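Each of the next two complexes has subunit A plus one other chain: subunit B in the first, subunit C in the second.
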Partner chain A sequence: MFKSKLFYIVMMIVLIVISGCSKTDESKDVSVKSSDNDSEKQEEIELTFYYPVQVGGPINKIIEEIASDFTEENPHIKINPVYTGDYDNTMIKTQTDIQGNNPPDLAVLLAIDLYTLMDMNAIIPMDDLMENDNDADEYVSDFIPAFLENSKADDKIWSIPFQRSTPVLYYNKEAFKEVGLDPENPPETWNDLIDYSEKLTVRNKDQVERWGVQIPSSTNPWIFKGFVLQSGGILDENGKDVYFHEESVEEALQLHLDLAHKHETMAKGVIDWATTPTDFIEGKAAMIYHTTGNLTNIKDNADFDFGVAYLPANKNYGAPTGGGNFYIFEGISEEKKEAAWEFIKFATSAERAAQWSIDTGYIATRESAYETEVMKEYLESFPQAEVAKNQLEYAGSEMSTHNNGEVTEILKSAFQSVLTGEQQPKEAMEKAQQEADKVLEPFRK
Partner chain B sequence: MRRFYQKQSFRINFHAFLLLLPSLVFLLLFTFYPIGQTIFHSLFKSDLSTPEPLFVGLENFKRLSEDDTFWKVLMNNIWFAIGTIPTTIIIGLLMAVVVNKHIVGRSWIRTFLFYPAVIPAIAIANIWLYIYTPNFGLLNYVLNMVGIGSVDLLAHSNTVMFAMIVMVIWKEAGFFMIFFLAGLQNISEELYDAAKIDGSSRSTTFTRITIPLLMPTTLFVSILALTNAFKLVDHLVVMTQGGPNNASNLLLYYIYETVFKYWDMGYGATLTTILLLIMMIIASVQFLFMEKRIHYN
Partner chain C sequence: MRYLETFVAYFLAIVWVIPLVWIVLNTFQPNNISSFSLIGGNWTLENIKTVWEGAPFAQYYLNTFIIVTGILFVQFITITLAAYAFARLNFFGKNIIFLIFLIQIMIPADVLISPNYLILRDLSLLDTKLGIMIPHFASAIGIFILRQTFKSIPYELEESAKMDGCSLLRIIWHVYVPLAKPTFLAFSLISVSYHWNNFLWPLIITSSVENRPLTVGLAIFAMSADTGAQWATVSAATFMVIFPLVLAFFIFQKQFISSFMHSGIR
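Here is the complex of A and B:
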């Protein structure tokens, strides 16, 4: 008697488990079906939009606002913004959904993920949509050229710049005054940089109380590309070629080593990206290289007067761009693609771009954004924000290749092994070049 | 009679299997099926340059031997295991012995020793990132006070692993203490009384009674510690991203990088198969050989 009862209990558990599984499957089917229906009906279009949050500030609120404002103007299109973590997680979620044949309609992803997304056959070129749009050429040409560089491949435009940044030099004006430097004259060349950093470094016996300069090197070699550009190099080309063993790269490495070991005005080893702004705010570093994305943070937290300047030049000025672009995905209906294009144009309109820049610290991506009243007012009250925009004249693309994740990692490891003294610049970069060539070889056919 | 017996045993077996069925279903669905899939995928080349997976046999496994990073993270992982496992077990045991005694504020001390174990690894990594931060971090603050000077443990490839190991010991020791504490309280007081009457010294009592009777706990804890040494990579995401120059990188984080940064699914599956193999060897060695040397009371 007892045993048969037990038997039924077990069977019931099994049934519950099985029915539980099947139920989730059903609900999934329903949602897939309903989204199919939406696209068939045409009048009602619903778009899924993945976006990352990479900097502080009420990004979620602003994005939701853009989406609802857009629906107000275009009642037949509904945008569903989905917050998907940081850039890495957004990319992972997107990729997983592509493999499950359920891609998002549009997403903001790193500009440098272009080749990766192309190789996954995940995205469509914007040119397809621009053909049917009379204002498209005018619209695209309004973007600041440096920001468009990471959008182009195979003579097509694959993404639209949205939240973009570039590294700048932040310097402590009070520290400048203290050591007799002119606070309105930031370093302009590498020699100035070395000079100034020597004056700005404060020691108490053997202890360094304030470093002259701090260049982060922990996350990826983003800022490093700036030094290569300043030395007249290019680092990468067409997504298929990298130039790691060029003289410009060696010069850039040597500057890092000189600052740390010869002049001892920068900490030795690898410098953390995330704590660098804090070091600056705490007065532990007099000059730092960091993204414009931190402008608002530093402005709000530094209790001293600070300046923002171009990255010092070697042969010329130079800086990479960074940040995220809009992409539209393959495998969605034509109507959805068109709707996504309309939304992108809306979200990057001059006024939106200006407001977005003011709210977040990102650089407004379009020339016309700087003609708007809000932007003019903002720049008047906070002129530091304009430096980054002006520097863009000298800016180049961020390193972006096929297999970008692995190529970046190769460069990062080589760069760090030089900083920690494990390898000499020359051998490290020659090895990195070989490794990168191997990774890029399948794409050179 | 015999048939009846067979029938009985069949019924018992059948019922036993029925009772196991729910967990078996989940085990098959979420453990064995993915393992099979992983091994299957490890035979394919499937990365960004090959959109359609290409069968390559054992090519991916050959690639392992030439992959310097793989050997580096594997060695790192071994050092990480050697650095963390014995120390956490010994410290956990000692802490358990201390808080098992009737001392003042015993439950407070237990709580403080245990609390690192309940904090998520990500939070711990953030705390220790602050401790290790050069210039204004806690460690450097203390070092500056005693006049040793500033160090940046995370910035150099020869110190970063040490810094990680210390952090993990801090996190894990309290967790293991709880198991040892439970084990200690299971040992009968009579044994200690008998030892006392026989005039056994404290160290003899400890090595001849406490340690042997704690062996089941020690086995359990050492398996946990070993698997944790291969599982625990959360801190890398926060603190070093495996750097500088892969000096703090571990096998599981390298798998994550291979799959979700390089999008090399085939090779990622190969690395996962290797990790699986290592774990299986460890588990079988522990269960098959150590089992024999354990006294259950």
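Here is the complex of A and C:
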């Protein structure tokens, strides 16, 4: 009895494995056939397009729609969108493909991966394609300048902004009213921020029931660069120089320490990125620094009235930009490069950029997107979305250097060791500067 | 003393079960944290629906099932033969080869992604289920635990089978395999749960929906660095991914536990 049962199970598994293998054979056959067709019908182009999803939802549907709409307009070009995890996974997959001489045709990767990709000789400058395109200059100049900053290197444009964001200040209007602050007047300076956060912090004996402000520090020091920009610093330049050991950086660190230790209006130590919006929605934090990508999430889930404001200024307003850009890869045919360029232009057209912004919460990357009817309607019903766009006037680039991962890690661990009290700001940053200099030395020839 | 033991056992059980309960609660409640409650509350299938429609989960279930069973089946063959060789046969360099196998346990799988990728490219197995499976067809840990089990089986059993004229493969099939059943079961648990949850390797070598496993579907909802965590859909997706495994465990619970007891007693 046992034997015959086992026999059937084994047979079943064998069949499953065989069917699994045979299916892959089929798909190979299909691809062979379609390439036969290519040569007959001339110039049928297929593009592989890697994209990450970073907003925790079925965004893949929207991307697939953009791809199929494009094919409808350009029947000879077929786009194969491939979901590739988050930005890190997408980068690993892309790098592995490049090492295997099997690169994708185009991909959305972090804007700050520019130098890493350049060092691998993996991408082509968009200028090559813009030369043959009469409308290209007009097209590129329509992008919001702050978003293009991470695209430029060696006087060339290497990537086209797609899903971009910037941090803003979210504040709980009802909490403002409760403590006698004007809900239409969010903090404008660091002093306001300290002042307001003191009023907004609610304690029950020793337990904090609501923090005045919450600035996440668990991921890379993205928001941190905002504080440096607000203090008149620049943090990094040209991909090979960093300025960690500067007064602006020190001021930024001191503000974090003051909020946590002197005024006790922010939790001590490293604050988690992912749970910060949840804390805001649950009313455990009255003001938070977070990405505009979170706007839709907070709008849908907060059962109180909330406002969105510029990040408070120190010497001036300032915020980094973040997010992903389109890249086109080296080692693919000219026709494919042209086709990829056409697709990028299609996916970033004013209407698409506007709709993409409404669907995802990213900021529309082009000025003309704000002229479209859908966008105007959206902003009317949801004026908070406009704040981030207006703040871009003061925005700078996100930190991006050669060996970006390593340099970011150096800054991050120095930053966090200051927050947890392991190191003093001055010595931590001095050390970080030395380490980063060592990493960047080879690129400064 | 006995009460203390019971107490600790219950305490640990509760600690282990909390995340699971939390996931289930979150899965079936609306995506609004303020209305979240332990009992009562609004029960809804909305999250499951969102997730199910967000990615081709039916296809992913099938793929994961094929990949996991395919790997396990081939592993059973390879580890049984290899374990027998290391346990009972004498050949040149046996100990050194066994040592090399053991060293392989210590190499993290992620390090091998790039070289494995290049080999699969040369075999044109990129973007196939077979490509996902092939690097895992042999298992060092499986060979190791099975060899230990085989060594503990009395040699007299094999001798008497030989006297009756049994061939080598029949000896393995009729003497060793039945006696090592608990070990096979324990190993299946390790193998299935590992490959069920594997994400990065399949993501890197496959691109088409036809070949990608469940974890890729989960990632669409779980990776939300740009917005912060959205617990309801993350929980729903997690629930859908782990549900078959949890269900299987409940059904075969008795066998699993008794198998571990057997291997323990021996």
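One rule holds for everything that comes next: the second predicted complex is superposed on the first by the 402 of 445 C-alpha atoms of A that agree within 3 Å, B and C clash if a C-alpha of one lies under 4 Å from a C-alpha of the other, contacts with A are read in each partner's own complex, and residues count from 1 in each chain.
The rule is short, and it goes like this: a contact is a pair of C-beta atoms (placed from the backbone, for glycine too) under 8 Å apart; a residue touches a chain by one contact, two chains touch by 3 or more.
Only a predicted model underlies this, so the values are computations on that prediction, with no experimental measurement involved.
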Greater residue coverage of subunit A in the superposed arrangement, subunit B or subunit C
C
For A:Y243, decide between first (touching subunit B), second (touching subunit C), both and neither.
neither
A:Q416 contacts which: subunit B (first), subunit C (second), both, neither?
first
Looking at A:F382, would you say it contacts subunit B, subunit C, both, or neither? Reply first, second, both or neither.
neither
Applying the document's definition of touch, where does A:E406 land relative to subunit B and subunit C: first, second, both, or neither?
first
Should A:F346 be classified as contacting the first partner (subunit B), the second (subunit C), both, or neither?
neither
Go through the superposed model and pick first if A:H290 touches only subunit B, second if only subunit C, both, or neither.
second
Is A:D303 in contact with subunit B, with subunit C, with both, or with neither (first, second, both, neither)?
second
Could you give the residue numbers on subunit A that contact subunit B in one complex and subunit C in the other?
10, 13-14, 17, 92, 219, 275, 278, 282
Using the touch definition up top, name the residues of subunit A that touch subunit B in the complex.
3, 6-7, 10-11, 13-14, 17, 88, 91-92, 95, 116, 119-121, 206-208, 218-219, 267-272, 275, 278-279, 282, 284, 402-403, 405-406, 409, 412-414, 416-417, 419-420, 422, 442-443
Which residues, counting only subunit A, touch subunit C once they are in their complex?
10, 13-14, 16-17, 19-21, 23-24, 27-28, 48, 52-61, 80, 82-87, 89, 92-93, 96, 99-100, 102, 163, 165, 219, 273-278, 281-282, 290-291, 293-294, 296-297, 300-301, 303, 323, 361-362
Residue numbers on subunit C that touch subunit A, as the complex places them
31-34, 50, 53-55, 65-67, 69-70, 72-74, 113-114, 117-118, 121, 124-130, 199-200, 203-204, 207-208, 210-211, 216, 219-231, 233-234
Within their complex, subunit B touches subunit A through residues 11, 15, 18-19, 21-22, 25-26, 47-51, 69, 129, 133-136, 144, 149-150, 152, 154-158, 240-241, 243-247, 257, 260-264
